[in-house]
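In the part that follows, the structures are each spelled out as C-alpha cells.
After this come two complexes, each holding chain A, first together with chain B and then together with chain C.
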Partner chain A sequence: MDNSFNVREEGSHLFVELQGRLDTNNAPLLMEKLSAYKGKGLDTVVFDATKLIYIASSGIRTIIFVKQKLGSNPKIVFFNCSDDVKNVFTMTGLQNYIDFKNK
Partner chain B sequence: MSTHCFKPLTGQVGNIIDYVMDAPEVKPYHELAYALRLVTEEIVVNINNYAYTDKEKGYLIVSIEKKEDNLIMEFRDGGVPFDPLVKEDPDITLPLEEREIGGLGIFLTKKLMDSLSYNRVSGENVLILVKHITNKKKN
Partner chain C sequence: MQRIDLFPTHDYKGYKLRAGKPFPFGASVVGNAVNFSIYSRYATACTLVLFKNHAEKPFVEIPFFKEFKLGNVYSMMVFGLDYEEIEYGYRMDGPYDFQQGYRFNKEKVLLDPYAKLISGRDVWGVPPDWNSIFQYRGRILADDFDWEDDVPLETPIQDSIIYEMHVRNFTEDESSGVKHRGTFAGIVEKLPYLKDLGVTCIELMPIHEFDEFENSRLSPDGKGVLYNVWGYSNVGFFAPKAAYASTGRFGMQVDELKNLVKIYHENNIEVMLDVVFNHTAEGNENGPYISYRGIDNKTYYMLTPDGYYYNFSGCGNTLNCNNPNVRDMIIDSLRYWVTDYHIDGFRFDLAAILGRDQNGAPLSNPPLLESLAHDPILGKTKLIAEAWDAGGLYQVGSFPSWGRWAEWNGKYRDAIRRFLKSDENVLSEVKERLCGSPDLYAAHNRGIKASINFITAHDGFTMMDLVSYNGKHNEANGENNTDGENDNNSWNCDWEGECDNKEINFLRHKQIKNAMALLLVSQGVPMILSGDEMGNTQYGNNNAYCQDNKISWLDWNNLKKNEDIHHFVKQMIKFRRIHPVLRFEYHFGYCDYKNTGYPDISWHGVEAWNPATEFHNLTAAFMLNGQYAVGGNDNFIYVAMNMHWETHAFELPVLFENMSWYVFANTDVKAPNDIAEIGKEIEVKDKEIIVGPRSIMILVSK
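Moving on to the complex of A and B:
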C-alpha cells in the first residue's frame, strides 16, 4: 500500500495530500516535513484525505502538532474524510477543530 | 485459538498487525477491522517502545480467541512492569492548543474495546482486550 504524502505550499495555505495509512510508520516523517513550515505564518493547512483509509493516534498527534507548533495556529481543513477516520477524530475530541469538507 | 511469539520484537510491529488481521478469528469481521487494527497498533507500539531496556531480548506473545460472542486478544510481554490502564485519560475537552500529546493510543483502545484488563503474572505483563462481536458498532 502506498502510504506516502505530498506537501505543497501556496501562499498562506499548505496542502497535504494523504494516502493509505497515517500511522506509527509514517506519522513521524510527516511531522518532520511539516516542521519545515514552522514560523512561516501559515493561515490554513488543508489535508486531502480522499485516499486516506486509516489514521492511528500517531496521526492524531500530527494534527495536534500542526495546531500547537507551527506558530500561527492555522485553521485545519480535511477534504473527503471517510467515516472511519472521522470517527477517530471524534473519539479524540478533535472534530470541533477541523473543518470537514467534501469536494 | 491463534497464538504466536514474536521474538525479537524489534521491527515487528507491521508483522504483528498482519498476524492479528489475518487470524481466522478476526478475518471474518470486516466491520471490526479498523478498530482491531488500531488497538493492535497502539498496544504493540507501546510495548515495543517502552517494555524492554534490552531490545534484543524482547518478546511479545499474541493470542486471539473467539469465545461465544467475544473476541479476546491477549498481549503478553516480559518487559518492565507496566499497567497502561492506570494512566489518566487525556482531557479531550481542552482546546487543541492546550492538549497533551501523549496517552491517546491507550485512550482510543479503551474507547474501541468493550473491556480491558491488566495483570502482572509470573514476571510478565498480561493485557487482555475483549470486543463483543454481536455489538457491531460501539462508536
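Moving on to the complex of A and C:
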C-alpha cells in the first residue's frame, strides 16, 4: 500500500489525495506533512477521497487536527467520499467539520 | 515541553518498557507509549498479553518486572505500540484455594476491569470463535473528544420526565425507518421524535459491554434464538457495548455514544444510564473467567465462608461493593461516565446490594452509598436506586440516601395499578402516592423529588399489555411461563389478548390514558416506559429479557394505529411541563400556610371539600393551589378520578370570584376531544362535571 500522500498547493487551497486506508499507520505521516502548512493562511483544504476505503479513529482525528491547527481555520472539503466513510463521520458527530462534495 | 521521564529503561524481546504510572488504572496513551496499570491484592505475578486485533494468539507476553510493581499495583509503559491495532489482556498468577477465595489461574487471559474499549462482540448477534482463549479483549482508546461547551444539563430532578428505553429495541424494527437500526446512531436519528414527545431525559438500559450470547439458546418453537437482550450482566464497567454502535465494527463506539449525549444535550434532553454494579457476567463457581474472578476473586466477589458465591442478585454472583477497592472501582466508573461522557444520572439496578457488607449483611451506613452521595464529581448527578434486591432486602422508603438518592417507587406502581382495576381497598394509599408518597419520603426531608413514579418499566407488562392481559404469557422464553412477575395487578378489560371489539379497545385506550394522566399529574418524578406512548405490546410477555424480535422491538406502526394515545401522552407531558404546581420539590403542608385563601392541596369527593369514601372507595378528586407553586402564579388544577364503573357528578370547588374552571382532559371522550391544546381548554359553566365510568377529568382555573 502506498503510504505517501500527494499534496498540491494552489494559492490558498491545498489538495490532498487519500488512498486506501487512513489509520494509525499513515495518519501521523499525514499530520506531519500538513503541519508544514501551519501559518500559511490556507483557506481551504480539499481531500480527494475517491480512493479512500476506510478511515479509522486516528484518521478522523488527523482531519480535525488540520482544521484546528493550521492557524487559519480552513474549510475542509471531502471530495467524492464513499457513503461508508461519510457514515463514520456522521455517526461520531464529526460531520460538521466537513463539507462533503461529490463529482 | 517534552517530559524528561518518557523514555524506555528496559527492553524485553525487542519491546521497550519503563515502569509505569499507577494512575490512572487501565490503559492510557502517554506520548508515544501506552501506560498499563492494574491492581490485584492477592496476585503474586502479572503478565501483559498483547494481540493484534482479532488474532488468535498473542504476539508477545511481557511480564511485569519487580520494579514495575508499587504496592499492589502493576504498572508499565510500553513504547512503540500501534495502539489502535492491538488488543490486550493479563495473566495473573497467585494461590488457588477455593475455600479461601483464591482462584488464580495463569492459563487464563483476562480482561482489564478498567478497559475503556472492549472488543469481541463488535456486531450484535455475530457468533464469536467459541474456542478463543480470550473472548472479551481490552483495546486502547484515544479519548479526546471535542465537547465544545457541553456539560451535564443539571435539570432539577423534580422537573424531569424520564423515558426508559433499550438501545436496540428502540429502533431495530424496520418500522422505525432509521438508517442505523438498533444503535446509538439510531437513537440520534429519533431525536426529533423524542423532542416532540417532550420528555426531558432518556434512561438507557445497560450500555456497559455485555454478552448477548450469555444464556443464549434455541427458542422453544425452534424457529429462532434467544439472546441476552436486556444486558443486565456486565463484562466491563468502563466500556460501552460495541454492538450498540453502528461504528462498533470499527471500534468507534465511544465517539458514537459521546456524540449522542452531545446532540441530546444540545436539544435539552438529559441522558441517564442504568448501571448494574450488583453482579458480573462471570456467574457462579461454574462460570467463565472473563476478568474479576482471575484478577482478584477474593476482592471482587462476596464469598461465603466456604468460598462459594453469594447470590443476592439472582444471577450467580454478587459484586463485593463495600470492599474498599471495589468501592473505588465503582466510584471511578461512575466518575468516568460523568467526566468523559457527560452523563446526567444513573439508575442503580438492585441497589440494595450496594448497601450490603462483604459478608452480605445489610449495613446501616454503607460506605459506598455514602461516598457516592458525597462525591465531588457526582455532586449534581442524579442518583436513582432500584431499592431492592433478589435476596429479600426491600428498602423502598428507607434506602440510605443522605438526601441525594431517589428511588424507584414500586409502591406507586402497585397502588396505581390496583386503583386502575377498581380495587376497593387502595384509595387511601393512592392519595399518599399522588402526593409524592410522604409516608415514604417526608421523613429526613428527602422530599417529593425522591420518588420516581412509574406504572410500567422494562420489568413487567407494557402499558398496553397491562390493560389487555390478566396473566403473563412468557412461553416464548422457554421456561414454561414460570419466569416473570405473577402479581401484575393487571386487568384485561374482559378479554385476554388482542381483539377487534370496539368497546373493549376503547376501554383499553381509556385505561392507558387514565394511567398516563395519573402518572403525569402526580407529585414526584414520572418515568415512562419507551413505547407506552404509542401503545406498544409485547403480546403478553412480561419478561422479554431474551426476545430479540418483534416481541421486544418497538413497532412504530403503532404511532398511527394508536395515534390517540400518542397525542394524549404528548399533551399530558406538555401540561406537566407548563404547570409547576405539579412539580413540588418537598412535601405538602396540607393547609393554607401562606394564607392565600386555599390550602396547597385539598381532597374532595363527589362533593367538593368532602373526601368521603362511598362508591367503594373509587371516587376522589384533588385540587392544587397554583399560588403555592414555584413562581407563585400557576393556575389551580383539579383532578377528578372515577374508577367506579358508574358515571358520577363531581361538584367543583368554588374558586375566587373572577375565575372559572376549564376542562383540559377527559379520558371518557373520543379523541381528539379527549385532551385540549394548551390555552384552548373548554369553560365549565355548571357547578359540577359529569365524570364517566373509569374516567379521569383534569381541569384548570382561568
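Criterion: the second predicted complex is superposed on the first by the 99 of 103 C-alpha atoms of A that agree within 3 Å, B and C clash if a C-alpha of one lies under 4 Å from a C-alpha of the other, contacts with A are read in each partner's own complex, and residues count from 1 in each chain.
Definition applied: a residue touches a chain if its C-beta (ideal position, glycine included) is under 8 Å from a C-beta of that chain, and two chains touch if they have at least 3 such contacts.
No experiment lies behind these values; they were computed from the predicted model shown.
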item: Clash or fit, chain B versus chain C on superposed chain A; value: clash
item: Touched partner set for A:43, first chain B, second chain C, both or neither; value: neither
item: Which superposed partner A:65 touches (first chain B, second chain C, both, neither); value: first
item: Partner chain in contact with A:56 - chain B first, chain C second, else both or neither; value: both
item: Partner chain in contact with A:92 - chain B first, chain C second, else both or neither; value: both
item: Touching partner for A:9 - first (chain B), second (chain C), both, neither; value: neither
item: Partner, of chain C and chain B, that touches more residues belonging to chain A; value: B
item: First (chain B), second (chain C), both or neither touched by A:24; value: both
item: Shared chain A contacts, counted only where both chain B and chain C touch the same residue; value: 23-25, 54, 56-58, 60-61, 64, 87-88, 90-94
item: Interfacial residue positions of chain A with respect to chain B in the complex; value: 23-25, 54, 56-58, 60-61, 64-65, 67-68, 73, 84, 87-88, 90-94, 97
item: Chain C contact footprint on chain A (complex, rising order); value: 23-25, 54, 56-58, 60-61, 64, 87-88, 90-94
item: Contacting residues of chain C [partner chain A, same complex]; value: 82-85, 142, 144, 146, 180, 184-185, 188, 245-247, 250-252, 255-256, 258-259, 262-263
item: Chain A-facing residues of chain B, complex; value: 13-14, 34, 37-38, 41-42, 45, 92-93, 95-97, 99, 101, 104-105, 107-108, 111-112, 139
